[in-house]
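This structure is in structure tokens; I'll ask about it shortly.
Each chain carries a letter (A, B, C, D, E and F) given by its place in the written order, and its residues are counted from 1.
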Amino acid sequence: MEPLSNETRERLRAVSTATLSTLLFKRGLRNTWLHAVRRMSAAKRNMVGEAFTLRNIPCREDLDQVSAFENPDHPQRKAFDTVPAGHVLVIDCRADTRAASGGGILTTRLQVRGAAGLVSDGCLRDSDEIGAMDFPVYCAGPASPLNLSRHHAVDFNVPIACGGVAVYPGDVVAGDADGVVIIPRHLAEEVAREALPMEEFERFVTAEVQRGQPLIGTYPPTPEVRARYTEWMKKQG
Amino acid sequence: MEPLSNETRERLRAVSTATLSTLLFKRGLRNTWLHAVRRMSAAKRNMVGEAFTLRNIPCREDLDQVSAFENPDHPQRKAFDTVPAGHVLVIDCRADTRAASGGGILTTRLQVRGAAGLVSDGCLRDSDEIGAMDFPVYCAGPASPLNLSRHHAVDFNVPIACGGVAVYPGDVVAGDADGVVIIPRHLAEEVAREALPMEEFERFVTAEVQRGQPLIGTYPPTPEVRARYTEWMKKQG
Amino acid sequence: MEPLSNETRERLRAVSTATLSTLLFKRGLRNTWLHAVRRMSAAKRNMVGEAFTLRNIPCREDLDQVSAFENPDHPQRKAFDTVPAGHVLVIDCRADTRAASGGGILTTRLQVRGAAGLVSDGCLRDSDEIGAMDFPVYCAGPASPLNLSRHHAVDFNVPIACGGVAVYPGDVVAGDADGVVIIPRHLAEEVAREALPMEEFERFVTAEVQRGQPLIGTYPPTPEVRARYTEWMKKQG
Amino acid sequence: MEPLSNETRERLRAVSTATLSTLLFKRGLRNTWLHAVRRMSAAKRNMVGEAFTLRNIPCREDLDQVSAFENPDHPQRKAFDTVPAGHVLVIDCRADTRAASGGGILTTRLQVRGAAGLVSDGCLRDSDEIGAMDFPVYCAGPASPLNLSRHHAVDFNVPIACGGVAVYPGDVVAGDADGVVIIPRHLAEEVAREALPMEEFERFVTAEVQRGQPLIGTYPPTPEVRARYTEWMKKQG
Amino acid sequence: MEPLSNETRERLRAVSTATLSTLLFKRGLRNTWLHAVRRMSAAKRNMVGEAFTLRNIPCREDLDQVSAFENPDHPQRKAFDTVPAGHVLVIDCRADTRAASGGGILTTRLQVRGAAGLVSDGCLRDSDEIGAMDFPVYCAGPASPLNLSRHHAVDFNVPIACGGVAVYPGDVVAGDADGVVIIPRHLAEEVAREALPMEEFERFVTAEVQRGQPLIGTYPPTPEVRARYTEWMKKQG
Amino acid sequence: MEPLSNETRERLRAVSTATLSTLLFKRGLRNTWLHAVRRMSAAKRNMVGEAFTLRNIPCREDLDQVSAFENPDHPQRKAFDTVPAGHVLVIDCRADTRAASGGGILTTRLQVRGAAGLVSDGCLRDSDEIGAMDFPVYCAGPASPLNLSRHHAVDFNVPIACGGVAVYPGDVVAGDADGVVIIPRHLAEEVAREALPMEEFERFVTAEVQRGQPLIGTYPPTPEVRARYTEWMKKQG
């Protein structure tokens, strides 16, 4: 799989997840937004990057003791040490909100590696520290308990579920204030190309609505309104 | 049904939903607050207006394609284009939090029409934009996917469920930081009249508690405390 | 039971609930963090205090009328009037999020009494007012309806459930941005002693990670890294 | 809308809801099965009939007293008195399982009218009596409380949600041991035609698997297996 | 509190929980049926008895080891050894369905003591054995794990929550195929007196409906139908 | 990993999952029972076998069409064709109850292969057919829709979650009327050895309780009762 082009990356970063999910909906994909996952970090810029995944199953008391981290191949630690620059680490916690799937130290590691973000359908600890970071982080909320109290990291870079959505390694992960959307890798380029014009048109619609035009006839537009849009575009330059 | 008088509207706007729900409780109404619906917009002033409703049922893939909006009578678009000034649009999404029931453009349309607010037990997209608007908006949270990915708008201005509460067209909808309360239309005037004195008394109680008085004997008051309240009222003027 | 020493209180206040829950995990306690309970107040300092509990069962319409508060022994009012200075009032609402378990007046009463905080797995009303208080308050969120619309306060200072965790009177309740952790009373001193050195080490780890060190070998540390930590400690003084 | 032909009705009655939902899935409809709705009655034969709907919203204490039934147009009573022969009454209870949406008397009324069945995503009372009836009934389970304790019947023969699925009046409702599937009216005939051959082929597959054939190559079949099926069909006659 | 009279006990045993919950509804009590609690035992006769309660909070790993049962005052064991004849043991498990709150041996103990039944909003183990007993048992379903894996029995014969309903010691607990209803002690006699005539009338209504009469006019009855009922009663003798 | 010995297999088959979960609890394992998974098949004998796992993630509309089964390596089909004799196929459906994870044909394939059972935390279709089979099947209930409408089978014989419990390939899966318990492979032999004597003792306790002995002193036994048990054992032979 070729890396995502910088052009596509930039285009995706310039648009909203609302627009992206609509473009995926038009292609028949209705389940692309991660349920119950919200922005924790202060980073207000949009997040875009390829998915690098980490999978958890429920913990078992005899296996999941603090000593487990002494294993130099512990999948959680290894995943955080391995995620490539420009990628988003996406963690499958089975939407269990009773423990953290990481904290300040692990998030810092991602930031230092040049990762594009962190997404989990579980919780995170050190939420105050993460909340202040200029690094995109999305999760189910804060929680104090360490991952081992609910989770057993089992493997990484395999297809996972996150927030009720399938995430395949290499899929493009986009995040903004509305949450996180997963774009199947093979659709990323075409969706990126269509998104900017669509948002441009919506800026026109917003202006029309602000000056009192009704939704019906404007959104979607009648041929007359479409013509006015062409005019408007010219004026905008 | 006569429109809500300006006097009642002002009285309701001056009090909290906590007070209103207690007054309804005293009349035997225990289920008046919308569950899992919270303020999304920056508008800090209280919301008050008559309910104008919109009802959704689950989407069906063959009916709910983007082309559905080309229908000039599409109930969602039509409802947003129809809600009268001073009214609150209340949307029944069956508390489904997996899609947006509207976004920035539709909310702008309401604001331009002079509506009093927007309430949904589903989600909204463009949450950043809505969050910055000086227009009261309450919903279950942000979500990227468009309404068609979960909802089919079916009719409007019919009795609905929202947040687990019955909402009849014309009921009075009140919102503040604690959420949204539905006041049956025929109780609005009397509840509005009782609310202000009740809050005045609670300001006295707060002052008493702040100077070290116990709850018991003060809230509710003994005859002595009630007498002191009369004194206090005189001093307040 | 002896009161919590000031030394222990101070030590606990200086550390995070993440650290505390890990130390309890090491002792075999996996369920110490209150699920779905989050900070409502502006107070950013950590909360620490002994638990004083209040238990609710579901309301019954004939018993739970507003007149119930005229009972001078009403358990809710009495609990708020009784909680000793330095204690945290912890309320069992069976995680029911459809009503408030208190509001501004009751919270003010706690503050005036010198209580250390308020915790409920139900909601609270007057959230704007409470949100502005410099007094630690944690709950399931805002809600307008008064407690009687869902709850019947039945007794206090008995063992309860709160947020899915057992809380015994006298247990130590610690809160920060990640939420609330319950420390069994007999473990409070030893956990307090271990917590500060553990956080000191994590500050070293953070510094290491920030300068590009991998997690593996650093967290937990190899003998070499542990030696470097000893050096680092000396430099810090 | 023309009534469902007897031929289609018979064909649908002869096949399983599993087959029907697969045929709808092939047409892009993924959400056709009513969630959390199961068979309550002893009637083991499959249920097939057009949908006649009844919609409930949450009750309100002042409106929903026992005296409400004295209204000669009470929508619940009227719906049960109106459902045509051959139709299935489908009730929208917002999946609320805390009250009954009907009981023995109302179910008997349906049976006497020649209705094809009763479906609710709420509960039913008199479950022992209904369980013994030779009349197809599907619901969320038994519950003692009368409908008014949670529900307000508001209108009938409008599009509704039931078990998370859109139900339009006239849609075809099919039920067996696996539950209830909704077939959009315009697809009923073609789905009915395809279903029988599909089940015939699955009987062949079952026979193949029983004699030790693997799934792969058999289900779906390779050309050789398909040829063997043609042989098998001839033998069956 | 006087014991329940045999007459009241017999009357309650002869009627359904549907009837009882309607009579309580008429008195303003809308929440009397235990949610998600169903009959596990083969005993088909109705259950009636005064409530004897047992309260659980969440377990704590250091306290809730198997050795806890060596305590001669262990509240769970003591409650089962203490429940008086004719009473129903009602267990508060916070509706947690992940463990058993008892099993075959404990249920046998109740039966031997002459108890009237067992109710839990948690699960029970040895469900096969209990299912075969001629002793009324109601719970949330079967589960293998022992109570200590989720629960800590803390006290008994105190007011509790069970299935979302308040249960006070001495309340009357009635159970049939529709589930379990709690009758406040002071209402038991009058409700028992009204129940039989109400069910008699419903048998008449059923007969009317079976011969083709509509619901409207019959249920509730017009004066003419009421007159016919008087006739019918005479014929029945 | 050595195969499970026939002796251990027989011992486990002779005891209840209640006993097994208690023995695991004594070893510190509190989460071994699959939540919300119940017996669907008529097979009343206990199920015992090593786990062979299948993992699903959420479906994606472009990948999960019926044509997907034409892939000769489709993981679902391949898993059913591969599970060894004496093993239990355990399917991870993320506890999603909106679709079937298999049906009559696939279950028949398992039976023909000599598998020991089928377990899923999703649903199954053809529940009538499966319910009649003499083959142990446990799942979340019946559902009509095919797996592709919710699930994408992604790999097999990897560690999974099922019913909220970690399942490693080779773990021992035991099922009876109370549900399914997972025994870590390395504990299977010792747990099997301890289980029979424990159940023998409980038969003695049952006899004691049936003749009127209290729980306290009997269960657990005082030294005197333990002595009586030794006598009882001798009599039993």
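We adopt the following convention: a contact is a pair of C-beta atoms (placed from the backbone, for glycine too) under 8 Å apart; a residue touches a chain by one contact, two chains touch by 3 or more.
It should be emphasised that the depicted structure is a prediction, and the values quoted were computed from it without experimental measurement.
Undergrad: Count the touching C-beta pairs: is C-E or D-F ahead?
TA: Of C-E and D-F, more C-beta pairs in contact link D-F.
Undergrad: Centre to centre, using CA atoms, which chain is the farthest one from subunit D?
TA: The most remote chain is C.
Undergrad: Find the pair in C-E, B-D or E-F that has over half of its contact pairs, by residue number, in common with D-E.
TA: Same contacts by residue number as D-E, out of C-E, B-D or E-F: E-F.
Undergrad: Compared with subunit A, which chain's mean CA position is the farthest off?
TA: E
Undergrad: In whole angstrom, what separates the CA-based centres of subunit C and subunit F?
TA: The mean C-alpha positions of subunit C and subunit F differ by 39 Å.
Undergrad: Could you give the separation in Å between the centres of subunit A and subunit E, each centre being the mean of its C-alpha atoms?
TA: 49
Undergrad: Measuring from the mean C-alpha position of subunit A to the mean C-alpha position of subunit F, what distance in angstrom results?
TA: 37
Undergrad: Between subunit A and subunit B, tell me the centre distance in angstrom, where each centre is the average of that chain's C-alpha atoms.
TA: 31
Undergrad: Would you pick out the residues of subunit C that each touch at least 2 other chains?
TA: 28, 30-31, 61, 164
Undergrad: Tell me, which pairs of chains are in touch?
TA: Chains touch in the following pairs: A-B, A-C, A-F, B-C, B-D, C-E, D-E, D-F, E-F.
Undergrad: What does subunit E use to touch subunit F in their complex?
TA: 61, 66, 69-70, 72, 74, 77-78, 80-81, 97-100, 103-106, 108-109, 112, 125-128, 131, 141-146, 148-149
Undergrad: Give every residue of subunit D touching subunit B within the complex, in rising order.
TA: Its residues touching subunit B are 27-31, 57-62, 94, 152, 154-155, 158-161, 164-167, 184.
Undergrad: Going by the contact rule set out above, which residues of subunit D touch subunit F in the complex?
TA: Interface residues on the subunit D side: 16-18, 20-22, 25-26, 30-33, 35-36, 38, 164, 176-179, 181, 202, 205-206, 209-210, 212, 214-217, 219-220.
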